[in-house]
Amino acid sequence: MLPDPEQSPLFANDDPDSCLVRTEAFEGPLDLLLHLIKKNEVDIYNIPIAAISRQYLDYLDLMRELNLDVAGEFLVMASTLIQIKSQMLLPLTPDPESEEDQTLDPRAELVRRLLEYERYREASTLLASREILDRDVFARKFIPAELDTAAPDDALPEIDLFELVDAFRRILAKAPKDSFHEVGSENISIADRIADILAYLEEKETVDFEELFIGTNTREFIVASFLAVLELCKLRMIRLTQFENYGRILVNSTVIKDAA
Amino acid sequence: MADVSLKQIIESVLFVSDSPLSLDRLCSILEEFEREEIRAAIDAITADCTSNQRGIELILVAGGYQFRSRPELGDYIRRLKRAKPARFSPSSLETLAIIAYRQPVTRAEIEYLRGVDSGGILKSLLDKKLIRIIGKKDIPGKPLIYGTTKEFMETFSLKDLASLPTLREIEELADSGDDTDQVLLPLDGVE
Amino acid sequence: MADVSLKQIIESVLFVSDSPLSLDRLCSILEEFEREEIRAAIDAITADCTSNQRGIELILVAGGYQFRSRPELGDYIRRLKRAKPARFSPSSLETLAIIAYRQPVTRAEIEYLRGVDSGGILKSLLDKKLIRIIGKKDIPGKPLIYGTTKEFMETFSLKDLASLPTLREIEELADSGDDTDQVLLPLDGVE
């Protein structure tokens, strides 16, 4: 016999001393909802929304009473629950997309999310139960003496992209303050364009200004190209010449060819 | 060097390597041997470890071969290491599971699935090299996409990604009418 | 754990240790065993390695026991090292990061940011073709200007420089809710 979910209290508490639980045991609203569904022993496909939302809100109240921060995500879910609850009070709307006599259950999306979440939670326990390196099994993760003395190689090292950004982040954190400026994606595409333009000029020496803008005609691309040209002028790596008013503008490379 | 066997060579090479070595890698290092000979020697070493009551075993992990201590000896090794054994919080395991099974995946997708902000956890998984930035997704906002690393497979003793434990399939929602792949998330505009 | 032998235990402990372990140390780690038993197990392992055509041997070095590859296999082991991609040093990584994100950039600018001489590192990054000299800046001294190369993009599988993750994207991860302290809350007995 399933207990009547409408009657089942959330905090049924026979032994108040033995019932400490960490709020973090609920990783988020989905976790809390799953807990309530299990606790009430209700069918996940047929959640008694009124009872579950009441218990959910009780829990949030309890957190507030204890002066705990209720994370925004919990509040978003609370409003979702209330919305579903009010939709459930309306007569079910027939699904116009469906030929069959089907109706849209307002709970459907939430149920799908819960099931998927439950699936990943299950996956996480499977991961935790594996033989974890440095917990259950151990390998030699050091360069042994016999390799240490061998000659180093010239192969390209392996780096992770994140390591690169993180290195830059650390540099900026300790670099003199006045050198700080935001590196946004725009800045990077300018650098990109600078590299392209210089490569282009390496082959052609002199080109038509407009030639530099051939490519994708997105606004972003044009702006980046233009700023790249300005930056290169500033660095005096290119020179712009115009023969007459409103005439063609020619771009020259001034880069001193030099064997590095 | 006629007096050493291929088995000895492979054992010593695998022994000193600090990361798993794939069959391809072994073949390119030991180019004077045939792939089949190398494979046979690996099998022989694997069998030796099992039958001769050894303290280590040869396993296939992250696409390569690596000697590892036998799991039942973990207790003794932890005494030597003293350092706290690697531990994972439920939230990092959850996040890792989502990335492992759904990669490439964006932060927004992870957060939709978990229902909570996951930036801090992503950062710490990146720091631990368990996940990596694969690139940017070609949708408005160009969010970063994440995937798991070789270290992830090494850490969880996975031969390859295909050998992730299979999950109970989600039953299609009864009467829900739409049978969208679970791969699709109603995320457009959530960014 | 009656089903594992002392020999297995000692093999696995010696295997994972990154430095030689003395008999004293082994005795203190494996306190439930007698010194004589441990010594006998070590001798047995040593003998096994010699008689069973193994690729490694157990030797006494610097007062402790350590597995080493057999000296006559050194040739093969050195091939492993040659074939292995080197790790990037933190200073090269820093320098490369500055060039990637700040290009076009001069050596003086790099050194200003890093606070140390970076000539040697620039040279080695140039050798590895990860960076290149784009040109000279037309200011007194005509310093060289550096930028990244096509090889750099290939190394990181980047479509273009715009696909480099931005600093802001990483900062956002780092800033969002880290694993905050866990608070105890009275609730009914969950797990």
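Letters A, B and C name the chains as they come in the text, with residue numbers starting at 1 for each one.
We take it that contacts are C-beta pairs under 8 Å (C-beta built on N, C-alpha and C of every residue); 3 or more make two chains touch, one makes a residue touch a chain.
Computed from a predicted structure; not experimentally measured.
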item: Farthest-lying chain, centroid of Cα atoms versus that of chain C; value: A
item: Chain whose Cα mean lies nearest the overall Cα mean; value: B
item: Geometric centre distance via CA averages, chain C-chain A, whole Å; value: 27
item: Separation of chain B from chain C, taking each centre as the mean of its C-alpha atoms, in whole Å; value: 17
item: Separation of mean Cα positions, chain B and chain A [Å, integer]; value: 21
item: Per-residue overlap in chain C, given as positions that touch at least 2 other chains; value: 12, 15-16, 69, 77, 80, 83, 158, 165, 169-170, 177
item: Two or more partner chains touched - positions in chain A; value: 24-25, 71, 138-140, 142, 144, 146-147, 161-162, 165-166, 185
item: Chain A residues touching chain C - in the complex, by the definition given at the top; value: 10-13, 16, 18-25, 35, 39, 62-63, 66, 68, 71, 138-140, 142, 144-147, 150-159, 161-172, 174-176, 179, 182-185, 188-189, 191-192, 194-195, 198, 231, 235-237, 253-256, 258, 260
item: In the complex with chain A, residue positions of chain B that touch it; value: 15-18, 66-71, 74, 77, 81, 85-88, 90-91, 93-94, 96-98, 100-101, 112-117, 126-127, 129, 132-133, 142, 149, 154-158, 164-165, 167-168, 170-171, 173-177, 182, 186
item: Complex contact set, residues of chain A against chain B; value: 24-25, 27-31, 45, 71, 73, 77, 95, 97-98, 100, 102, 104-105, 108-109, 111-113, 115-117, 119-128, 130-144, 146-147, 160-162, 165-166, 185
item: Complex interface listing, chain C residues touching chain B; value: 1, 3-5, 7-13, 15-17, 21, 29-30, 48, 52-56, 67, 69-70, 72-73, 75-77, 79-80, 83, 157-159, 163, 165, 169-170, 172-179
